[in-house]
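Listed next: structures, encoded as structure tokens.
Below, chain A partners chain B and then partners chain C, in two separate complexes.
Showing the complex of A and B:
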């Protein structure tokens, strides 16, 4: 079957499958391919960027704030004028795997072709087949809103020369199939490194998944590190977190909320387990747990009082939290990241948990920015990060002030 | 001229407990549902912020979450011989407004009415003879407790009610209420941990032969995940329930049990700050066509719909029926007409005990954490030798020790100055109160109608309440107050002070927001406004859901029964009405 078959014809073909078992064989393959493509779209979280909140699926419009300026995810529905309706499958493959769009236009790596390059050709073909079935939407999106000189797309040729190695995923024959499946999802379609890998001055991944700051949050360390990473999480806890948004006392929120809702909650249990196996096996960063701040430190003493008044009603005096409602703070690896950006963000701005079929509550923490000073936020976070067996560097009031000024 | 909107399958007036339950149940069938709520959108983290929710001045004194009389007032009088005047402020009762309704700021006492409550008239007639209820207008509900059992169960499990069963399938359970009608299974959560005051009350009640048990509570004893998958937290006993939203997701409300799921359904929509002016009927007045509402900009909209569900506060349900000409307004002279009939309330009294040597730590409290004695409620006891029917639950539920409102002082204490300060200091920790919450039985002269003089800001007549406590209920209350004195004496306080219930009803001091009746259910269209499924006898595509349906009120908080009626009506709509829309479910 020609891959550029019009969507209406595919619908007709699928309908034929339903009504006539006799010719089912002839159309079985495209149906399976579209289904597989829909799953690839979930793995790749295409909707996260290409579907605006409340907007039509994949019609574009989500703004991505990068250190270099704003990019807006384009319309990738098969609309001829404003989407990718005039693209060929080869165009599509080249965009995903080489970062070069229709007509040779260089893509910015906010589109994670640096990861998608590792996708297999058959997965890309399935994804293409699926996108041909999506409802075409006319929606003109001005993608490139970067300031000069970053708005010159040709610069990306140079960026790619330095930072981008195209090529398929290479399985490690010494590891299990499950491990390799996990590695493939994490490194290719899942593009986890886009948020979780530290970045160079050019915005490129420096390798590893030890965490980095983006959009006012700190995407945490998800290596096998026992203290900051997921080394202390069981595979079941990781699966639960990704599937439901709730796992090991943590509740997914911030930028991860969208990833859980659009992507990981739609993955199969087998794939989630494979991701867990792979992440837990990722070489732990060499960082050991720091020595906790002493309990007689003034910040700890003040922090304890602030915690009792403001936090303990929900998170409990012993930091144990309450199931799917209030995160557990004791022993929580997110709480103990070296970088406290996420914690400061949550205390200042509040946050709401992810919604999934298994955990529909979407509990929210209110903002405390109006109530606590920079010093108080710093003290209570220092306390939370160094009480109940937790250990992490103290939080400086200046860091809180800086984030408050930046609007989170 | 109202602008006409695209039609919906169902329009719901009011998005509180009943509106949310009905919306959830009917959207499950695929119907397209819109709820129109006159108050604002409210949610836990954004509106019941843990950092300021315990602002007693804002919420308890100034009543931030309640309906204000400027938006809708009511007029009141005690008897038909008087001229009703508008209440300048709500006092005796406090209707809610906004998403979640009064279910946001309730205390959380969650009762089931008993078999004998649902068959008040036939039960009392059979046991004591017709003469005993000659001065009353009590009626049967048209449903039995057995028909309501599963609906109660669903509401309790939706909410995560914390309690102890007293009667499981006919077997009396140690530690529960031995007088309750049989339930099929335990409460979803165990009772709350008791503070000292109710613990002491229970000891005193037991010592005089009564049977105290933990009050069933919608403040949760443990964290809970309800059948919809929505998680709730354990109550922290902060003492800010009634008049407050819960900041901890630990008091059951539409927000904490249904809305997270409901609001994400593509076939549901909530329109807030939009007040329904009337239900629109067809030319013959036999079917509803939808509603007209006005938004906060003053723009009028017509929302056509196949069904209209009145899910506002009971009093407002009754008024909307009157304004929309659904059914005939009750006339106390002739006894004809059904809308406004059998308005009832609650017959409460209290007692306060002052001790020398006790420390109750009253600030460790929650709205429904306490002990109840039901030995003298409903028809749990023989009234053969007595001069009344009905009864009261005796409740020791210290809901709070809040700094402005909770200042117990013995009689004779000055109202201000250093002597008052000393007295509040001496008595704050060592005072225990309990109260009787009595049945309110219908009387011919207690009813609701439209005021002939006073109008609201849209020019519509205000609701007029004509009510006084029937003599039967006053006699009942005094008799139960005598029982409270027995318990008080057993506890040996240095002093006890009674607050007995006497005539006449006064709309100023707070008493109870348990206003019932006005659109009552029953088996006879001559004496009820809605049938046993809460479907209007007169306009069959209108259902009226709430305490407006109670033919009379029992000595219990109404919310448990209101929630159960919502499930009961939802089942009837789903399983019967939708098969043949527009038809009456019960032939008149």
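Showing the complex of A and C:
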């Protein structure tokens, strides 16, 4: 964590920075606003896409694999030639809230302007102030790598007409301030729906946070559903999960691991609590728990034997896991998602926990791709999903084969 | 014990020497521990055929392992358990070429507990040893090699070899026999992924459940038989099912 500078020094530093970047005007930006903007950047997880692993902050370069092709997050440092150094604050606000960049260029909704449109003007202004202080980096990013016809940016005008409702966040006066704060973070800067909402054929959110597949993972149901969602989680367990990467016997994995590291672990406890309060109050998806697969099913019998040798050392024979180190499988809502993509991914590739200030150990699960066949992965997961009171659809060997082939 | 001034000066000099000579630093890892998806360096299951032995050598080794571990009521013999295949794979790898051992001179004769201390690698010792045995037998057993002897003759020869009473010229027969026996036992009891212990035959024989992590779920079940069968690095037959 960087030391916090005194306001006077920040102004001086910014002035020096701007001068050195070759723009011949000194800008005075108040410290409080810059600091608030830095927090907004954490809430919005800007680094998750705009900072490449090991790269300079916000200099771009993370590839996003979408169903329509590859997009690369651009350089958003204040570099004149390759970043957003020539943008005005109005340009910045229009990009975040309307999906239209400098010079009228249409943004793709991989940039979650569909959520950022709900950010307040003062939060956007703070974010702008912060990005003016970021070290400018010269890094040309070829952002649009979509195939024809998706590479035509103007198409997004039509997409927006169908899928995009611009407008500020509207608080619900019947709810508490805390609930509304949670709703604002989840729906606006936090853009949780980008991963957790089911998608239409056009790739737009269909509403609700009942989970969807992306990048070889299944972002789970985070509604108040008791079986699949976070209905059975306490607010404290949700806070712990978002703050440390570990909560209610689950350890963050896949894209959520990065979200925890870059974003939620940097949120205040009050904001995390507000998110928990809001999520738990989300209308539960009406999906009821299925009937568990019968214990005399061949997959269950075989899965039990595979589990005893490969899994029980860490997760224990009774699926109870080991505190903050090894996830608890019994009663785990992630294990019981209707879609097993995340579980297959973790068994094939392995997984490593998020590194956070509160939980720096990063316990990891090894890859089992070399040891277990598609059938064996399917059987052990069917067993895990339907034992100790768990209930979820069985896993098909074909689904494992497909993910193995895709390297996820 | 109080240090003398001389000891202090010597150690100080040594310390400064170490400091100057090595400019390497302890590696610092910050953030997450190093980890990669799909990581794994598993032993590769061996395919059919011989990796090291020539066909005539393979026939002799198969005959030898089948006399050292003959088929009986308890288990199949060394040949059917894959001991020769195990030795073949080992000789083709780092055991065969001693690449993980210090093998420079001087070469003193080792004590009996030290075993072989010479310059030759196991691969060289097998190749030369089998050739010497073949030459010896053809000279003394009517131009027949080991594989052409009957079981009784094979046993008699191996016993004489073990007793150090076979003159193989520069090669010490007893040491060579010890090498054969040691590697045959390893092949019989090692994990099947290395080519021997086919179908975990030796583990079933002695009731070894394989390299399992622990037995926590069974510790309190006193006087009950452990219910699970053996498991190899590559898995177990009961991990598969039809339908």
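Assume the second predicted complex is superposed on the first by the 380 of 408 C-alpha atoms of A that agree within 3 Å, B and C clash if a C-alpha of one lies under 4 Å from a C-alpha of the other, contacts with A are read in each partner's own complex, and residues count from 1 in each chain.
What we mean here is this: a contact is a pair of C-beta atoms (placed from the backbone, for glycine too) under 8 Å apart; a residue touches a chain by one contact, two chains touch by 3 or more.
Computed from a predicted structure; not experimentally measured.
Aligning the two structures on chain A places chain B and chain C in clashing positions. Looking at the shared chain after the overlay, A:369 reaches chain C, while chain B stays out of its contact range.
Once chain A of one complex is fitted onto chain A of the other, the partner contacts of A:352 extend to both chain B and chain C. In the superposition on chain A, A:317 makes contact with chain C only, not with chain B. Contact with chain B, but none with chain C, is seen for A:325 once the two complexes are overlaid on the shared chain.
Look at A:302: by the touch rule set out above, it reaches chain C but stays clear of chain B.
After overlaying the two complexes on the shared chain, residue contacts for A:379 are found with chain C alone; chain B is out of touch. The single stretch of chain B with clashing C-alpha atoms against chain C, selected from 469-477, 523-531, 559-567 or 577-585, is 523-531. The interface of chain A with chain B overlaps its interface with chain C at residues 313, 350, 352, 355, 362, 364, 366-367, 370-371. For chain A in complex with chain B, the touching residues are 310, 313-314, 322-326, 350, 352, 355, 357-368, 370-371. Across the interface of their complex, chain C is touched by residues 298-299, 301-302, 305-306, 308-309, 312-313, 316-317, 348-352, 355, 362, 364, 366-367, 369-373, 375-376, 379, 407 of chain A. Put simply, chain B touches chain A in their complex at residues 43-46, 49-52, 223, 225, 228-234, 236, 238, 247-249, 260-261, 264. Against chain A, the residues of chain C that register as touching in their complex are 31-33, 35, 37-40, 42, 210, 212-214, 216-217, 228, 231, 233-236, 238-243.
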